[in-house]
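The block underneath contains the structure these notes are about, expressed in structure tokens.
As written, the chain order gives the labels A, B, C, D and E, with residue 1 at the start of each chain.
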């Protein structure tokens, strides 16, 4: 086997990805306040999709429920950082067993970690679901999870302020803090990907039954990656709350889920690089579209309201048609030349098994 | 000539050649077998006839019409294909599977007669008419697949490894049916790994070597005189005679 | 050493990175396009961050249009103290993050005042940005009482509406004036607006001596099925004098339709969010005895007989080729009148001075009468004349105007309660 | 030395007693009793639909028996999951290989070694050993879904070996192979059965493979045992000829 | 009282079953979990609004036309180019289609919620075995039940139905037998359009409101019901949808006032429990055949 600088190979992809995020930071720092805001939110998105990809890229199972972890992180941060006297005014009807919540307070870094842990705790509680379910069932179960969390946050008014916004959160998220969390998340995601558990989970992504037959505890590894990804998504929620200073439960529902899915799918949902690149690219695209619609590129004549959404949907469709696994597919970002692995030279006398395109649907294309 | 393949090239992916310059033909009423080892490109060739894989060079014609023609339709030209995996619709009943075989036919009364004939040929299908096809055994499914293919009233019948994975007793039954069809005048291209049995029943055979090159062709006796073929197959035509 | 990474050829990687970078840079560089002449002494700049698209657009578009109409009128009449009002409008696409971004951009452009969407949750991110820059922000018609609470979002945050607390209390006061003494409360649980409307209705009605004989809830939203709630109402030993439906459209209208279809025929009363042509269409020609406390009666509603309202509608139609579809439009129009009045009194265009002027301005003359807008403790309207409108066999009729001069204190830290 | 390695020194037996399972009321396997011993190759043959694959699924834990018991020596495996059985050394392969397509060959083998309970370091050493033994070195870094059919089969066997099997359940490993390949396969199956003192259950159609490899044959029909015995005896049994080989052979 | 509840619960169940088989049909034929299904319902509902002043059967007919046209257009423009894609890709594409149709509707014909007045004859109540039952509930039950029977007949007995089921299982084999993709796939979308239109008519009759984002609920019902039923057959899907509807009705009548807001949490928790206990869905045999 050809040795290719093991250390360089190990860290190359995460270093490149962090570099890409740093580029976004520099754009944000160099630009005006609006640019800085967009860049910071883009980096928070990077943290979120990195978390999502820890689960979905390795297990191959799409999750529609991760926004719920972000919500848990955001609410936890709100509870821990809103000044105590304001909290007393905001939460007058807390049930007795939760009244201690009014008095707790923590610095933002502590709140950040606790938010991650709170999301991870919800991850632990829900992990039996993903440990047991695959494919569509899993997708629908995660969607149901999102609907449940949304319903509870929206209706448990005494504790969550229900459909009222959570307000008065001190602004603690800076672009550099977001960058630091993104870097740590990318490192964690990459580390998990290359861990024992990560490798076994990827094996189960390729063939569930063969993985079982190899003794791989698919459920256990799915649960582990689910919990880790919940933690990272909790961090994203915390950063989000700490940046916006107020948020509403509707920020953690289907439209956010759709926005993140667009990012992950455009980039390539089986690849960490795809998720990160997707998050940055879609954030930038959203901002370009917003300005386009406001008429900033067309000399002031605004486009019809709604154009941005239409273009976004069209872009997603086009990418899906041209590259169904997203821009990156299952590849990871790398600048080093490696030996080609695209296909073994066929030994004489042996047919290559990989099918030309998709056998099952060739007939459809003809029809 | 019912089927003619001229200098066909078929490529998998960007670089791998599955078939390189293969030529063969099947005349009306002939039973021609295509034998060769796993990976020799036999199934690929059959799929190319069905238009399921693209042709990168050469021509394939059925009744002098190119199969790569936009207007060419395997159904209109009555080419029946029994694929390697049999292509049984497991969630449909046996009867529904058979009904699909004649889905394009307009001659309803002739179709009914044909169906009756096939049910005579394969009594097990009548027995299990309203049973789910998934409950049939592999051999029964193969019979269903062949019967269904025959209901198209094929001009050309492509049988891809019809005995793969079947018990010897079922293999015998399938070969019996193939012989029977040949006697009825059906034009058949039979793809088989079982060289001995194929040579036995066929008018002519083509021996294919990877990547999809014809090593030799002709009757069993003719092939037995070709040293390359004998070496490749591992036995001589004389042995085929013994087996018979 | 083996790697699970799939190599990605260098050239492609650079291309991908370049594509991302160029998007980021495009987003960054385009900024110079927006000019900033806002600090011009002869101009007052008001930034509008409203939803022109997305699911909340129906609430913002008409009030926004009406506001623009009023600004045009004021400018034509010589402006505010000789200063013309300049507007900068951004579509926030019903998305809270975009509200914040748009507000940031507007504040950076040097606006003097920010107008935020007709919804508390969408307004909040924008209000927070303006608050941080000490620029007053006014929600064009948010009805959530919290919008006006100076301690929740901040002391630079205002709402140009009365709020669902006032609406609930007004409904109670009007019902009491009809001599009705027993109420049944049907509570929509979907949003804060409906919840506080129900709470303040009940508090005011009980304070006035009425009894709430039953209390039921439904999840609300756009898939309403209240057959079991209906069964419980029909199971009551004595019929209540009326049912208060604390809800909004379209779910509230659907609930009323289902009440009527099930044969519940006592009067129904509800808050302003039931207003609009859509209520009439949903409950249909058969329904009658349905009342709500709206902001005005015009276009699809008859009987108000107000020349001022007719003028407003005519002006609106002349400007936009269509009549306003709900009475919320008027709130945007009135808001600009209030802002212009306060700005005329302001010592300077400094944020603090504008804020003080807003808090200290006197009553504003509007097509529905004089309205006292803000005070230094309550950043919204209390003393708002609400028009009670009756839905009667496919027609909306003006019944009466009802005001409350205070709202009950129900212990929820509402700064406007007394 | 691990416990598993020590255990494999002892001669042991994988036994199914009266095992059965039914689908929708159809009895796919009905009271079958069989045992595989260390170091031997037991061939499981029978017509299509006779319950061979279902029997293999019962032994491997892919299906739970609705009747009967399965033991590995004294351990009752009847209720054990497929994974628990793998950790006890009962490992299966699949007819179509079912390799982890988008992982490399080396990752395929390493994942299986980890799955069977190895730690990272030993797993990598085991991986390298097996890759050497099966001459997969030159494709170790190649994605499994771009391999040739033969290499896919070899990778699947390498993956099974990475679990340090004491009993290997092979599902039609010769399907679609030519005779030369089949001969090679026979040799290697016999080889690792002997070398590793591993018991092999072989479900197979190709009679040349079965006859050349198996120490004993077990014949099924309609989910029931027809006969068990030496290949030569079984071959001559009139019932087997009737249901399976047909009169011509 | 009990009978009243039963009729309303069974009616809701039948409506949900109707919505669910629309989703399950496309999943069966194309592997498409159609998140844009709600927008097809919305198209039908929009027609009900547009033709609200016409006799009800004209409006219903136009609802069918509108829903079918939107279904076919979405097939042509989005799903046709994706015919070779895997289910996850298709599902995400349908997300995009949903967003696009919603934005378009909001920009053009449905900027705000519209109301559709009730039909007089639906508002009547009849006496049935002593119970006071609304005509609307009865009609919901009858209409949805009839549609279910019709779909079952079409799929089981007609040539098109057999072709649809065959195509659902193995498209290539079906087409080499002469089943035409360009006939089968559009037929599936037409069928889905008709089902969605009937569903939209019932929804509009119950709710009276039509808006650009009204599709979310029917879509969730369809998708959740179909997965609950096991995705393996239309029968299972119908059962899944029916149970979902009946459970919703049951929760609404049993939950106390202060918990009614948590209806969805209860409903979806139950769904998760069912999925975890029976991952293969309610109506799907325990058959595992792995080769």
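As a working rule, a residue touches a chain if its C-beta (ideal position, glycine included) is under 8 Å from a C-beta of that chain, and two chains touch if they have at least 3 such contacts.
All of these numbers come straight from a predicted model, not from anything done at the bench.
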Remotest chain, chain E as reference, centres from CA atoms = D
Among all other chains, pick the one whose mean CA position is farthest from the mean CA position of chain B.
-> C
For chain C and chain D, let me know how many angstrom lie between their CA-based centres, rounded off.
-> 71
Taking each chain's centre as the mean of its CA atoms, how far is chain A from chain D in angstrom?
-> 41
From the C-alpha centre of chain C to that of chain E, how far is it in Å?
-> 35
Whole-Å distance, C-alpha centre of chain A to that of chain E, is 31
Two or more other chains are touched by the chain D residues 62, 94, 103-104, 107, 110, 140-141, 143, 148-150
For chain A, jot down the residues that touch at least 2 other chains.
-> 1, 154-155, 199, 202, 209, 305-306, 309, 330, 341-343, 346, 350-352, 354, 359, 362-363, 366
Please set out, as single numbers or ranges, the residues of chain C touching at least two other chains.
-> 2, 4, 6, 53-54, 57, 189
The residues of chain A that touch chain C in their complex are 1, 3-4, 6, 9-10, 12-13, 16, 20, 23-24, 27, 30-35, 37-39, 41, 86, 89-90, 92, 154-155, 157, 162-165, 167-168, 171, 193-194, 198-199, 202, 244-248, 250-251, 255, 271, 273, 277, 280-281, 284-285, 287-288, 290-291, 293-294, 296-297, 302, 305-306, 308-309, 327-338, 341
Within the complex, chain A is touched by chain E residues 33, 78, 81-89, 91-93, 95-97, 99-100, 102-104, 106-107, 170-176, 180-182, 185, 216, 220, 223-224, 227, 231, 261-265, 268-269, 271-272, 275-276, 279, 281, 290
Which of the residues in chain A end up touching chain E in this complex?
-> 62, 128-129, 132-134, 136-137, 139-141, 143-145, 147-148, 151-152, 154-156, 209, 254, 258, 261-262, 265, 269, 304-307, 309-310, 312-314, 316-317, 320-321, 324-325, 357-367
In the complex of these two chains, what residues of chain C are touching chain E?
-> 53-55, 57-58, 61, 187, 189, 215-219, 221-225, 227-228, 231, 249-251, 253-254, 257-258, 260-263, 277-286, 325, 394
For the chain B and chain E complex, residues of the former touching the latter | 50, 52, 74-75, 81, 83, 87, 89-92, 96, 99-101, 103-104, 148, 152
